[in-house]
Amino acid sequence: MTKITYPLILVNFKTYLKGTEKKALELAKICEKVMNETDICIAAAIQAADLRLIAESVEIPIFSQHIDPITPGSNTGHILVETIKETGAIGTLINHNERKIKLVSIDKIIQLAKNYGLFTCVCASNPRIAGAIAALEPDCCATEPPELIGSGISVSTAKPEVITETVDIMKKINPNVVPLCGAGITSSVDVEKALELGTRGILLASGVVKSSNPEKVLMEMAIISKKFL
Amino acid sequence: MTKITYPLILVNFKTYLKGTEKKALELAKICEKVMNETDICIAAAIQAADLRLIAESVEIPIFSQHIDPITPGSNTGHILVETIKETGAIGTLINHNERKIKLVSIDKIIQLAKNYGLFTCVCASNPRIAGAIAALEPDCCATEPPELIGSGISVSTAKPEVITETVDIMKKINPNVVPLCGAGITSSVDVEKALELGTRGILLASGVVKSSNPEKVLMEMAIISKKFL
Amino acid sequence: MTKITYPLILVNFKTYLKGTEKKALELAKICEKVMNETDICIAAAIQAADLRLIAESVEIPIFSQHIDPITPGSNTGHILVETIKETGAIGTLINHNERKIKLVSIDKIIQLAKNYGLFTCVCASNPRIAGAIAALEPDCCATEPPELIGSGISVSTAKPEVITETVDIMKKINPNVVPLCGAGITSSVDVEKALELGTRGILLASGVVKSSNPEKVLMEMAIISKKFL
Amino acid sequence: MTKITYPLILVNFKTYLKGTEKKALELAKICEKVMNETDICIAAAIQAADLRLIAESVEIPIFSQHIDPITPGSNTGHILVETIKETGAIGTLINHNERKIKLVSIDKIIQLAKNYGLFTCVCASNPRIAGAIAALEPDCCATEPPELIGSGISVSTAKPEVITETVDIMKKINPNVVPLCGAGITSSVDVEKALELGTRGILLASGVVKSSNPEKVLMEMAIISKKFL
């Protein structure tokens, strides 16, 4: 199963040492195990140079962490959508808070990804921006208040109004775009709260990748998510 | 009269030699004359270092061409909204095709400008992006297909569907944001077409600034615009 | 006297509230007073939108804080060297730590500034980069370890070896480029140390701009500098 | 043999369709064949997402086309030097004309690459910039006048003075940095000229990658290069 289903747990491996190369492979296998045991979709966003290694070895949906708004040609040092597709990745993050890009580039990347059947998850830092992104028609939009990213303080607990406002705005502007949320999510309680507030999944990173027991954390999150199938 | 009224003719002086320093002042005085004679609002977007010179000398609405998403502090080499306001400018362009910026910066600049009562005109390159911008709640959004900018081929003639689609999307997402259009506009016919298609004004540059007779061009554009008061 | 002489005290007004608009004018007049009383060159780097206001009102060398690598034309929202020159500014900062730019842009801006007789002061964050900048042939290069900027801990006291190494490398690569230093400089002792170590001036900001008594601070710095005339 | 030796022929695969994925692998095997038959070092600069595929399959030196100035951590969407090394790449391009970066980033990437034993080839667009790069102490610097890149008009024929001036400046500033040149190189005559003028290798792309017979082109270039062993 490498198709996206909801609720979705999307794990961003960033460039943490525990999220690159062989460590990334181990972690992706843990994601796969939890997905197989729970039937909850667990996807992994992987650094470009590791995509092929991971996508060849596991049966979970693999995302790129970024794509460049380019087509084949003279674009030394950029990341081409064709190649990302060819590695076995099925989707991409766009405009993550650590890789914020121009509005015009977000639009172009979404269109390029659609042409290649790649799933698009665009990141927003507040509800207004999530609304703007919904107008660009990606598959989903993950709202993350930047001040909570990596904080261990969950957006769903600390700022539930950010989530409900985001869900409302996105529904009004484009109900086809699926709302996710993220920032500070470390436990199944955080996940449950996020799903209760109307999102259909979460984007998280350190809560899993830097955990001493990622399997346990993911398993608990996946089990609680089954209530929202 | 330095308030924005519609139809609006917004002249972007860019960094054309005919649009900077003393030449900018001469051209701004022509804009002022046409505005006074026709009661059509004619605004001018001016390079930061020239803002004070122009804003002190004419009674038309003066725009900055860009503002940075910063607040007072350690931001060497950036453009501060407070200072732009203090020069006498009443608004700013944001995200012009020649100064495209990050989505998150567009959002932040709009909010900063609102705090200071500055009028915001954000530029879009297609209807989808205009929709996204409408969600960010600026005062107006000017859609310009990049391939027509400076071409002398008017968007209203060559791509009327871009305008009507933009007007529709923006109305649906946020009817408070005023649609403008631009790119290739050089004559009163182009302006009339643009206003008939549902925009409430135009953004133009070379058609006026590089014209051998900017007063004549502007006067004809302003006179035709009076039909849409 | 609006010519650069050494030792040079170059005060970066940044976008501090105390360094913009009317406050900038007051502070520039203090710089002028100290320069007149001591014959030590005191220059001020000013935000683009304030340049004309300040350059018209004082007789000290005025710098822009940034210029864009453009020539007249379709460059909305950028800062044109011709216009900076026309405001009365006589020089520009380039590549300040808060406005770091591409290597190719540094080179182009230096060449553009030379064409217009503008003095160029490029910033470096370590001795190796200062050497690279010396190869690009600006008028001077100010080395500032980023971690000390705004810290109140002076580079000349905390990292004297950074200064001596910079002076050595720059002399070897291009002895025509004048070495300045900066970061954390708040007192005449810091200035004296910097000049003793072989620089021919300092770049500073908060130590003067945010001081409760900028005139006193500058006066003491200028008096100590007279030893190095 | 995956060590760099001189004369060096460094083939930039860019994101040409003929330089990505399986086509990249075919082309890399051609490079390997020519290297094995001639003992001339032929290296290939490959898109990040393809690095592992190519580096595992051929015995020529593989370069990344770009690295980001980051260390492990929260850097979503960036390219980590550790990972590039781990793919089997032995070096990286930096600051290619199609991926120009900030001066401070060039310096940081060179230092990061050195820590991991990666070979660094920094690109310059003119002799002055080549001098600046030499001061940053990379392994080599490839000078390419941008207007000739992809033109089919060889820098060594059209602008020999660019090459000789570059070689002189680099030797003066840092004789340990090896000068390469590039832009418009399509034939063994171009290569011979470049080596005669004092460079120790070439950087090229379309002349090989888009050629109808890359093996023939490369073989002729490698054979002529043997004169300069």
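All chains are identified by letter, namely A, B, C and D, in their written order; residue positions are counted from 1 within each chain.
The criterion applied here is as follows: contacts are C-beta pairs under 8 Å (C-beta built on N, C-alpha and C of every residue); 3 or more make two chains touch, one makes a residue touch a chain.
The structure presented is a predicted model; accordingly, all values stated were derived computationally and were not measured.
So which chain is farthest from chain A, going by the mean of the CA atoms in each chain?
Of all chains, C has its centre farthest from that of chain A.
Between chain C and chain D, what's the gap in Å when you average each chain's C-alpha atoms?
37
Give, as an integer number of Å, the spacing between the C-alpha centres of chain D and chain B.
44
Would you pick out the residues of chain C that each touch at least 2 other chains?
Counting only residues that touch two or more other chains, chain C contributes none.
Edges wherever two chains touch, nodes for the chains themselves; is that graph a line, a ring, a star, complete, or other here?
Looks like a ring, each chain touching just two neighbours.
What pairs of chains are touching here?
Applying the touch rule to all chain pairs gives A-B, A-D, B-C, C-D.
Across the complex, what residues on chain B touch chain A?
95, 100-104, 106-107, 125-126, 128-129, 131-137, 169, 173
Which of the residues in chain B end up touching chain C in this complex?
Per the touch definition, chain B meets chain C at residues 12, 14-17, 20-21, 45, 47-53, 64-66, 70, 72-80, 82-84, 86-87, 93, 96-99, 149-150, 205-206.
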